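Just dropping this structure here.
Letters are used for the chains, namely A, B and C, taken in the order the chains are written, and counting of residues starts over at 1 for each.
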Amino acid sequence: MLKVEDLCIKIHDKNSTATVVKDVDLEMKKGDILGIVGESGSGKTMTALAIAGLLSRHDMEKSGHIIFERINLLECERRVLRKIQGSEISMIFQEPLNSLNPIRKVGWLVEESLRIHTTLDKAERRERAIKALRDVELDDPEAVYNSYPHELSGGMRQRVMIAAAMISMPKLLIADEPTTALDVTIQAQIVELLKKINRESGVAILFISHDLSLVNALCENVLVMKNGLVVESGNCQNIFDNPKEEYTKKLIAAIPGNPFDRIK
Amino acid sequence: MNKATKMKFITGLVITGIVLIMTIWGIIKTPYDPCEMNASAKYAGMSIKHLFGCDQFGRDIFSRVLVGVRETMFISACVVLIGVFFGTIFGTVTGYYGGWLDEILMRLNDAVLAFPSILLALVVIGLFGGGKYQLIAALGIAFVPSFARIVRGEVLKIRNLDYINAVKLYGASDARIIVVHILPNLKTVLLSSIVIGFNNAVLAEAGMSYLGMGVAPPDPALGRMLSEAQAFIFTTPRIALFPGLVIVLMILGFSLLGDTVGK
Amino acid sequence: MKYVIKKVTTMIITLFFVSVLVFFSFSLIPGNPAISKLGTEATPERIAALEHEMGLDRPLLERFGNWILGVVRGDFGTSYSYSQSVTGLLAEKIGTTLLLSVMAIIICVIIAIPLGIFMARKSDSKLDIILSGANQLIMAVPSFFSGILITLIFGIVFRLFTPGLFVSYHTNFFKCIGYLFFPAFSIALPKISMVSKLLKDNVLKESEKEYVRTAYSRGNATKTVFYKHVLGNALIPVITFLGMTFADIIAGSIIVEQVFSIPGLGRILLTSISGRDYPVIEAIILLLAFFVVLSNLIVDLLYHKFDPRIHV
């Protein structure tokens, strides 16, 4: 379904060029959950944004292939890319409050992809939105539908983001540090929710995090990134049990307390 | 400071420099007596003798503009001084002590701030009559609230810093804290608000003297020169053009500096 | 609804304070209006008689009470110099000044918002640099000077209107609008520069925000991201600014009325100040205060509608 080959991203400053992502390869099949871990600046978010087609800045140079359902997202027309964005590939972000337009109601925001990609009428969109809000286990979907983002708690906002991303039943959900801004207990709930959604709808999830314990709780496979390079990849449990790279060992050591106590 | 800001700053500096030269020129000596009427030079055009030409009474416009700039600068400087002085006192006291005094003064402040300074000045002049010093008093009063608000905001910020608490632990008195530790920190904020205040004061003074509420005739004021010249706009628009352009120049210089100072 | 009631109450209290301040400051200044009306040679009897007629012999508080009761009923007393009721004197002039101010703000919004959007979309191009420079210059031109320039260009060179030939809106509404367009434009001119610059800066600031990235990730085109997401947020500070500007525009109209010889509130305020016609001055100040406070109220309510985060 998704195949990334030799992805390189360079950022041109006035007089210098920085390579933020170098020769990244990854592959995902339908229903896969793949994790990418690394510290900030490791290029994991850049990789995710590139796959979501959200890197369109002029000072960037991208090379390699991002093949999604036989379409090369790096080379296709913007029109084709836009057809895929929000309908086949959806994304959720780190700061749910900043990622939601503050002056629009939740209902409007959740329905956005339907307005863009479908011809459903108002009542049908509303029905779908309420269902999507219920699917992300929000207690009172009708009330949430009519509220503004700032009236909700952090965890509820991230559920709203997930509902908005999942309403169009995409094939791939990219989650860029979706739990970093949340409390530890809510982090666990969101991870459980993502697991459930993956199980029920068969959506593939690309989960970006700096927290190996979360990745381990959710993903089957993992890429470990450092300075734009993939330093280690493979089955999550294997890497967790006997990490080969010094860097991976450090990441595991950085998990506070016993990681398995934190998530269930 | 990026390139565009730098350009703005330099342009502002040059323009303000020109205005300052004109002010000093106006203080020292003008080419002609600005009030002297010369019947043979009525409506004289621009020449080496009369740089900007002469007006309907044969008075040298260049000399009148120089004196006008001097007067505007003097009045604006006094207005800004009054505004800064009382604004700093009110702002510091209310910001530092807070409480009911702060509540009342700031409510009053907000009410006054809601009115444009020209309207306020007109009210004060309605009460005390017109003239140069009444105008200074009127605009000065109108300018206090904006400075008070800026200073108060800054004092509130500084007051809550850790080092002020540390100084308090050492037993420093309130007066000492205000004079030694708070006032010097207001410099940056005050500098840019003084420049912006100057910009507004020039605008207000020119407006008031345009309405005939400033320096008394026959002494020249830029605003009144404009309103008097309006009668001749059909025939000799030049008489209105020069005082107007000089007002624009003054405001432009201060606004460019105000935008860029402290960046 | 509760919010509206609260705001209206504050508005009434503010206006009451203004009226107290205005009445007492004008009552306490030295000088006897009866003497100034009759001249210093008048006999003490005649002065006393006029004082009685004008109500000046009664205690200050009683006079204030009578005055404020009159004001509530729309009666501002009698003008000293015109011997006519202030209300009658001001009625048409209020309409003229309000029409001028409202036209100025409409012109400002109609031009500044598209201009701001245009400048934001072309940001960092040569055109943007030229427009920004022009904006900076226009902001420095006071409305009375731009008014003179506009008279010169449109009144005298192009003859689009006849300077000095104002037509009342009672006589011919459309001719009146036609005449007021040019003064309204000169009041609006510096505000157009400020509003378009503010809008441009805000659009650029909002475009950097994370919700914009979310909007793109849903498959929005650049245009829809701009109109459905960025613009609404960027307009919020513009609305606050327009509200504060309305007071400025009223003040500006007082000056510009002089430039274009329009018989509005500004004109009569100035003659009343020089003629020390206190009832008229008091009435005008109170009216202007009313307009300023009312415009603040309208902006508060609009703001509330535009920015759901503002809590009541």
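Assume contacts are C-beta pairs under 8 Å (C-beta built on N, C-alpha and C of every residue); 3 or more make two chains touch, one makes a residue touch a chain.
Please read all numbers here as calculations on a predicted model, not as lab measurements.
Participant: So which chain is farthest from chain A, going by the mean of the CA atoms in each chain?
Facilitator: B
Participant: From the Cα centroids, identify the chain that ends up most central relative to all protein Cα atoms.
Facilitator: Smallest offset from the overall C-alpha mean is found for C.
Participant: Could you state the distance in Å from the CA-based centre of chain B to that of chain C?
Facilitator: Averaging C-alpha atoms per chain gives centres 22 Å apart.
Participant: What's the distance between the Cα centroids of chain A and chain B, rounded to whole Å?
Facilitator: Centres of chain A and chain B (C-alpha means) sit 56 Å apart.
Participant: Report the inter-chain centroid distance for chain A and chain C in whole angstrom, where each centroid is the mean of the CA atoms.
Facilitator: 52
Participant: Considering only the defined contacts, which chain C positions touch chain B in the complex?
Facilitator: 14, 17-18, 22, 25-26, 29, 136-137, 139-142, 144-145, 148-149, 151-152, 156, 163, 247-248, 250-252, 254-255, 258-259, 269-270, 272-274, 276, 281, 285, 288-289, 292-293, 296
Participant: What part of chain C is in contact with chain A in the complex they form?
Facilitator: Those residues of chain C that touch chain A are 209-211, 213-221, 224, 229, 232-233, 236, 306-309.
Participant: Name, in rising order, each residue of chain A that touches chain C in their complex.
Facilitator: 52, 54, 82-87, 90-91, 93, 95, 98-104, 112-113, 116-117, 148, 150, 161, 164
Participant: Help me check something: in the complex, which residues belonging to chain B touch chain C?
Facilitator: Within the complex, chain B contacts chain C at residues 8, 111, 114-116, 118-119, 122-123, 125-128, 130, 203, 206-207, 210-213, 223, 226-227, 230, 233-234, 237, 240, 244, 247-249, 251-252, 255-256.
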